[in-house]
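Structures given as structure tokens follow.
In the two complexes below, chain A is the common chain; its partner is chain B in one and chain C in the other.
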Partner chain A sequence: MSRILDDLRAAYARAWVRVKGNMRVKTWFLWEVVLPTIFMASVIYAYYNLDAPRIFIGFVVVGTMMMNFWFNVLWGMGNVLYWEKETGNLEVFLLSDRPIYMLLLGMALGGMLNTGIRSLAILLIGIFVFGAEFNTGGLMPATIVFLLTLAALYSLGLMFSSLHLVYGRKGIRINEILGDPISFLSGQYYPISVFPTVLQALASLLPLTIGLDGVRRALLLGQGLGDLYIHILGLGIMVMILLPLGIWVLNHMVEKGRRDGRLIMRWL
Partner chain B sequence: MLGLIRRVLVVVWLTFKEQSNWTSLPVYLIYTFINPVFQVALYGYIYIAVAHLSGITSPEAAFYMVSGIALFNYIGSGLYGVIWTIHSEREHFRTLKYTYLAFPDLQLYLTSRGLYHYLVGLATSLAMLILGMLLIGYPMLGSLDTLPSIALLLLIGIAWSSQIGVVVAGLSIYSSEYGPVISESFGGLLFLLGAVLYPVSALPPWIQPLAHIFPMVEWMELMRHYLNPSYIPGDIGGLWTWLLVKTLATIIATYLYFRLVERLVRKTGMLEASLHH
Partner chain C sequence: METAIKTVDLVREFKTSRGVFRALDGVNLEIPSGMIYGLLGPNGAGKTTLIRILSTLLLPTSGDAYVGGYHVVREAQKVREIINLVSGGERPGYGILTTRENLIYYAMLYGYSRREAEERVEEVSRLIGLEDFMNKRLNELSTGMVQKYSLARGLLNNPRILFLDEPTLGLDVENARSIRKLIRRLVDDGYIETILLTSHYMYEVEELCDRIAIIHRGRIIEEGTVEELKERVSSHVIYELTLQRVDGDLDFLRELDSVIGYKVRLSDVPGEARLRIIMAYEDISRVIGLLEKKMYRVKRVVRDEISLEDVFLKLVGRGIDE
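Here is the complex of A and B:
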């Protein structure tokens, strides 16, 4: 019991550093909200220009909000072990007797909180500046789908982190090519029902696609838990597979890094 | 002159090595094309989604969007290439001080670093244009008659956008905290205001004057016109005049501004002030 508590304390400590670090420069918050909002606004004006129905504004706002979490997984979690290695912190973490996945849990929790605050600001801008309309009755099912999506995404983040432990700069390149393809396949700006069937099937393997579709159905179409059971089930299964798999891959990569002597080797 | 060309080519080669030496050439080429291909799909599908779900079709708007995203890729690749040099050399590779000592002119160095990215941007933009037009089912474009104008516009595009990149890189030298966010936001600002996905007239009236500060709108509209001569964005002669005037103004203003920033940075010791300072 005390071991679990110690593990949780380690996670909390890392989450605290993450939150504090991101708030270090107060105006960063402003920039981090402004940046995705600029791209969101561009797509919204494109929809205005095409005389698209109003529901598309909601698609864009929800897509931008949730995509923020994906970028946080890639750069705020996946990539972080690389930077810890480069700055010399990784060896300190590895000397600790707490498991490294608890460290990553802390990063994930801190990252979720930071990204959550920014996404909330984007949502408010979407509603009050661009007039996005949402069905408040869908808030509860949307929250459930959303939280399951986060669990699945951050479990994937565990795996990405382990890649960075071993592959260094290659890991950064992998991150880079997981931006636009995932934005497209998950349907950041539109529902994936507009894709050809094969592409829809492929896209449905991504937790973000399922989560985004579920949240949109709840918030924009007013669907309830009963309508979203396939989304919930699918995401639940993904979490059950991805979480243990992520921990296993991470431990395996740490071991491999130790064996090959590359764990704290910089400039790779 | 030969010495200058040699220096520029060495920096272009350095940029290529820095970008590609993590893998083999075939893998690097695949990596280079992945994001642009998905980007054109991401934005091309905005039109397809509207046509699919609401039945509203407008091939002209589709052409506007797809050509815009492909052309932005060219400008954006080079611009980010220039801007990110400061951040990556100072924070990642920690070589900015050596570069500063070794290369006689930082502004020229930054521009040369961007050149490689413009070359990559040209190749990927061409792929985006072809794939994008296929995606939206727009008739393939192109006429040999307009090639010289397109080539000239590509060079002018390098001239103004690389110098805007130098301005932003100047801000980045001065502030390690804000450098990366300013860089990203500036690219985003051009994306919002630069006639990429929609004409400037689609923006709210209060923001439209901002769009005309940069040469981007004229450049985009002229490029579209020469890619597809049936697209007439207005007075072509007037667009050329404004493009040349704004490009020249950008180059002169950047030169003066960068000299000032460089002096300030040396005076205040900010050249090596990384995020960890």
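Here is the complex of A and C:
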């Protein structure tokens, strides 16, 4: 019990460092809120121009909010872990005998808070500037789907991080490979029903696609838990598989790093 | 006396593009507790590899190593509970955070609650003399202060055994002296039971360490106190010669059977060089004769006392930084 508490303290400590560090950069509001809103605004104006139904505004806002969390997984976990190694922080962490997934949990929680602030700002701008409308009755089911999506995404993040640990700078390429294609496949700004069937099937395997669809159904169409049980079940199964698998892969890669010396080598 | 660290036939190999490189080649060491133990060797001798294995960050290829009686592979968790590692020239931490915030973070990794971490950090900062720098951002600290900060970090978990990898690397004379005093005090005042320190600075090892092992090409080639090591070359003859100029190497000196090793360094006087030479027996007149034959003008000849540098010269045949 005491060991679990100590491990959680380590995760809390890493989250604290991340939030504190982020807030200390005086221009954080510009990077975190203003810039991400600009692209969203351009898509919304495109829909305005096409006289698209109003529901599309909310559709884009939800897409932008959730995509932030995916980019946080890619750039805020794997990439940061690589820098932790290069700066010697990872060595210090490993010396403390805390499991490495607690370091990543801390990074993820800190990142979630930062991303959460960004997403909240995007939501408020979406509502008050662009007039997005949401069904407040769908808030609870949307929250459940959203949390399950986060758990699945961060479990995937554990696996990607281990690749950064082993492949060093080449890991950045993995982020590029997984960034835009997943943003495209998961339907950030449009319903995936516009895709051919094969692409739709492929997209449905991604937790982000299921999560986006579930949250949109809840918040835009007012669907309840009963309507979303397939989304919840699918995401739940994904978490049950991806989380232990992510932890196993990460631990395996750390041991491999100890064996082949990559944990202590820099600038690979 | 209790053994703090023990290695048995320790081997570590690395795969490289040119084949297998053996960084440690059967290291056998037994380090008693209650002392500062120095691992002296040139760059690439295997010092850092050994420390990384002992601190469980790297697995050995073969052989065994024990720290505090625990096996570094089979009981790695127990080892981590009693050790810490500080590497010179590194700056782990987050530049945007203050020294205090960084240290609180590291303390919390060791299971301290936020309040306990704050208390522990204050305690350690007083011990190290960091109080005036606690509210400065890490990226604003000088190299010397960063090294003190790193030492403070290494003490947060109250380790029994502390590994210091080149602790004064890159520091100026004054800061290096201050760090050495601190290290000595940590053991003398009982804050740390045993320190294993690696260095390629002779004077640092000579000044700080109770016992020394000389490591060269992954092997321990000599071990003992500074006095014991000097005693082992006491029958040898040491001279320091001042030469007008040195261009090219002086390997022709090795033609003389008496010459065991030599080291050349630039003198403070421009254009002059100092040649330190170790001989198996008195043969300085032939050395001077050979130098002059090769057109080197010898300005001064002084017979010198044996230093740790001479022990290294005798064992390896060249200086530690050559």
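Convention: the second predicted complex is superposed on the first by the 266 of 268 C-alpha atoms of A that agree within 3 Å, B and C clash if a C-alpha of one lies under 4 Å from a C-alpha of the other, contacts with A are read in each partner's own complex, and residues count from 1 in each chain.
The rule we apply is simple: a residue touches a chain if its C-beta (ideal position, glycine included) is under 8 Å from a C-beta of that chain, and two chains touch if they have at least 3 such contacts.
Computed from a prediction, not measured in an experiment: that's the story for all the values here.
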Tell me which partner A:Ala41 touches in the superposition: chain B (first), chain C (second), both or neither.
-> first
Is A:Thr87 touching the first partner chain B, the second partner chain C, both, or neither of them?
-> both
Please work out whether A:Arg98 is in contact with chain B alone, chain C alone, both, or neither, and reply first, second, both or neither.
-> second
Check the residue A:Leu123 against both partner chains and state whether it touches chain B (first), chain C (second), both, or neither.
-> neither
For A:Val25, is the partner it touches chain B (first), chain C (second), both, or none of the two (neither)?
-> both
Of the partners chain B and chain C, which touch A:Tyr190 in the superposed model: first, second, both, neither?
-> first
In the superposed arrangement, which partner chain does A:Asp6 touch: chain B (first), chain C (second), both, or neither?
-> second
A:Gly179 contacts which: chain B (first), chain C (second), both, neither?
-> first
The intersection of the chain A residues contacting chain B with those contacting chain C is 25, 87
Okay, in this complex, where on chain B does chain A touch?
-> 22-23, 31, 34-36, 38-39, 41-43, 45-50, 52-54, 56, 58, 61, 65, 92, 177-178, 181-182, 184-185, 188-189, 191-192, 196-199, 202-203, 276
Chain A touches which residues of chain C in the complex?
-> 14-15, 52, 55-59, 76-77, 80-81, 83-85, 87, 90-94, 96-97, 101, 104-106, 108-113, 153, 157
Hey, which residues of chain A end up touching chain C in the complex?
-> 2, 5-6, 9-10, 12-14, 16-17, 20-21, 24-25, 87-89, 91-98, 258-261, 263-264
Complex contacts: residues of chain A adjacent to chain B | 25, 27-28, 31-32, 34-35, 38-39, 41-43, 45-53, 56, 86-87, 169-170, 173, 176-177, 179-181, 183-184, 188-191, 194-195
